[in-house]
Amino acid sequence: MQSAAIEIEGLTKDYPVGFWHQTKRRALDQLSLQVETGDVLGFLGPNGAGKSTTIKLLMGIIFPTAGSARILGQPISDVRMHRYIGYLPEQPYFYDYLTAPELLDYFGRFFPLTAARRHDRIEHLLKKVGLDSVRKIQLRKYSKGMLQRVGLAQAILHEPQVVILDEPMSGLDPLGRREVRDIILELKREGRTVLFSTHILSDAEMLCDRVAVVVGGKLRGVGSPEQIVSMKPQGMEILFEWRGVGALTPAFAAQTTQTGNRYRVEVAQEELYAALDQLRIAGAQVLSVAQLKPTLEDFFMGLVGKEYATASAVEVLAK
Amino acid sequence: MIRLVGVIAHNTFREAVRDRILYNLVFFALLMIAAAILVGQISIGIDSLVIVSLGLSAISLIGLLMAMFIGVGLVYKEIDKRTLYALLSKPVRRGEFLVGKFAGLVLTLTVNTALMTLGLAAALLFVKRSFALSDSYILVAVYFILLKLALVTALALLFSCFSTPLLSILFTVGIYITGLFANDIRTFSSITGSRALDTFAVTLSYLLPNFNNFNAIASAAHGRAIPRALIVQNTMYAAVYIAVVLLAATVTFSRRNLK
Amino acid sequence: MRTSGKNIAVLFLLVVLGFAALYSLQKQIDPQLRTLHQERDELIFQSGRLVRTLSLEYQALLADIYWTRVVQYYGEKQNTHDRNLELLEPLLNLTTELDPQLIVAYRFGGTFLSEPPPRGAGRPDLGAKLLRRGIAQNPDEWRLWGDLGFLYYLDLKDYPRASEAFLEGSKNRKAREWLKILAAKVAEEGQSRRVSQFLWQQVLDSTADPTIRKNAVRHLQSLKAEEDIEQLERIASEFRHAFGHFPASYAELIGARMLAARPVDPAGFPYVLEPEGKFRLNPASPISADAQPAAAVK
């Protein structure tokens, strides 16, 4: 494996504020990050944390105040390397009067694909993102979720080595999210590098080799989801049905919570078998036993909570 | 590079057509029909003159409105609706995008103008029953109108690279009108009496796009020949001015942070 | 996409080169446009009704613009000594159709149209038509009747109509008294120097407009000169009656006590004495013989 697919060094972005632009708001502060070739990196953070700013800087939509970044070894100011990059903007929107195949054909023409190859890719992707049945409808009639699918298709149309997706799951129903997850996993299997931003943690947990957490324009942590969240399990959770045939010890009963006939109880890992014995004696029917561990969400909420407590997520600097 | 410009131009043209831009032709057709029928009643003896003047003036005016109103939206709409984000993630420079947009609108205007010219020719044929050689000067006048429209489009594009559509329209209309007075500004310099003011007026008159150069409507209406040299010079004038304007637009737009 | 200093220099150079090219092109285009637009007397819309429809609610403004164009057109023709004023009437018609209350357009327009070349289009018939339309639109404007009377009197030499016009104008209660007097005098005498003098004197007294006043003074001076010359020629013929020959010099006339001094015209230039007892204006005098032939004097 050669150099990292994406290398970000000290990337900083200030936005001017106010009519005379006399003050500046720092949206991104000294962000440094590397994404190894073939990795899937989840870019995590609350709304307004600087995720989109970073991605727009990488795509040359806005220009950095300081710092630099390279993708596949090329500086981001060189648009020619866009041949090897796919990008899905946040809440994508496309030309009203085109249909999905027309849009994909238009975008496909920017890449050195033969007409036949372009056609094949478009047909393949329309089926893959589930838009084959609406191919004759103009994009202005598309729902948000459908636009998201078109956006995904145009991002991977030219089989890019690096795929950058800004909030790829937003606006999608559960089925759609699952399809996007499958596509990302497929990209990973094909050895492509994927960077995607999200504020939905379960997505990141499920898909990412590594996650980067950004809050208030600053990078707060990078690592595998497991590294970020301590793997030490915090206990076991048992779900069971109980119709009052036998009796539960009062101490055990005090720990359970009841919903209809169903009960839930949390016990320490060492006490699992004792608890299960009790349930067997009481004639309860065990529905599930699961390990309780801290989620990215816990980690995330911890960070964000601290941040909100000390200062707001934005910093205002005098010029 | 030229290929990418062509791809963007084609899409711009397709969008304009699907946006029912060409519906204005219906209006023009009605105007020509009305003129052809009524012309005998309002101006005796100069039927074809009125038809040609009216037709060319309408072609010019409709074209100007389109060039300005669509021109200032070309870039703004793509930014506002965020369609530009996905486009800029393709291997395309911002300058190529601008030139492509420009070429697409000029293509739209050319097709539109060509269709209107056909309408004018039909009205003229209806009134005169035949064409004369001098009617070919109408085509030269139409060509001059197109050069003018291309220049106006470039200016509208430039302004929309750093301004809102409303302001861009004001700027474009303003520069168009002052451009019409470029010659007068030059003669004005001889009566100010102040040397500094004279120099300023003369300099300004040569910096402004001189839209008088492209006015051949009257000559065409009267069937007066337009010198061949003027056609070449006007073409070059428009080409150089457009190149300068698009260069300025590219420099401006390439440095701009999209929101 | 930051632009480096070198790039900026290159761009600046390109823009300068571009404008240099444009300058030289414009220099070549200018003379061609001049020849192309030389004979450019055209009016796209000759129908006032059409222009009025097209002008939406800006008719008054457009009328003012057209009126400015009339004045420019007229002035330019005067400057270039071009006597072709064929567009004057359609322009005036358009102006007054757009704004029928634009009195100045009728009054000056009538004069521009009816004055003989080179001062006007020499079409008093069209001038009269314009004024009559003005009167129909503005019945309260008695001055238009006055102008119409002048036109009939001076340019068309139609004295019954002139008298009629003055009389119609005098019926307006705002009208000046002299209008009635003129009506009577013209009816009685037709064209006479006395009527003409009266007429121009009224014009002079009734206006503050410097152009009109200058014109009236010019006419009055020229009428006075005419009168002087007649008087002098009468004296010369009396001299001949007494001495058997025409006077050869002013000294002879003064010596015979028929003149007190060398007579001068209203501008102060001495009249030139010619053989056969004729007199004429000094060539250096700014006064010219009136356009109205003195032969018509009764």
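As written, the chains take the letters A, B and C, and residue 1 is the first residue of each chain.
The criterion applied here is as follows: a residue touches a chain if its C-beta (ideal position, glycine included) is under 8 Å from a C-beta of that chain, and two chains touch if they have at least 3 such contacts.
Since the structure is predicted, the reported quantities are computational estimates derived from the model, not experimental observations.
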**Furthest chain, CA centroid comparison against chain B** = A
**Core chain by centroid distance, with centroids computed from Cα atoms only** = B
**Request:** Using mean C-alpha positions as chain centres, tell me how far chain A is from chain B in Å, no decimals.
**Result:** 48
**Prompt:** Taking each chain's centre as its mean C-alpha position, how far apart are chain B and chain C in Å?
**Reply:** 43
**Prompt:** Where the centres are mean C-alpha positions, what is the separation of chain A from chain C, in Å?
**Reply:** 87
**Request:** Please set out, as single numbers or ranges, the residues of chain B touching at least two other chains.
**Result:** 255
**Overlap residues in chain A, where contacts from two or more other chains coincide** = 60, 63
**Message:** Among all residues of chain C, which ones touch two or more of the remaining chains?
**Reply:** 1-2
**Message:** Touching residues of chain C toward chain B in the complex: what are they?
**Reply:** 1-3, 11, 14-15, 18-19, 21-23, 25-26, 28-30, 32-33, 35-37, 40, 42, 44-47, 49-50
**Message:** List the residues on chain B that touch chain C in their complex, please.
**Reply:** 42-43, 46, 49-50, 53-54, 57, 94, 183, 206-207, 210, 212-213, 216, 218-219, 221-222, 224, 226-227, 229-230, 233-234, 236-237, 240-241, 243-244, 247-248, 251, 254-255
**Fill in**
The answer for chain B against chain A in the complex is residues 4, 7, 11, 14-15, 18-19, 81-93, 255, 257-258
**Message:** Using the touch definition from the top, list the residues of chain A that touch chain B in their complex.
**Reply:** 56, 59-63, 79-83, 85-89, 91-98, 106-107, 109-111, 151, 154-155
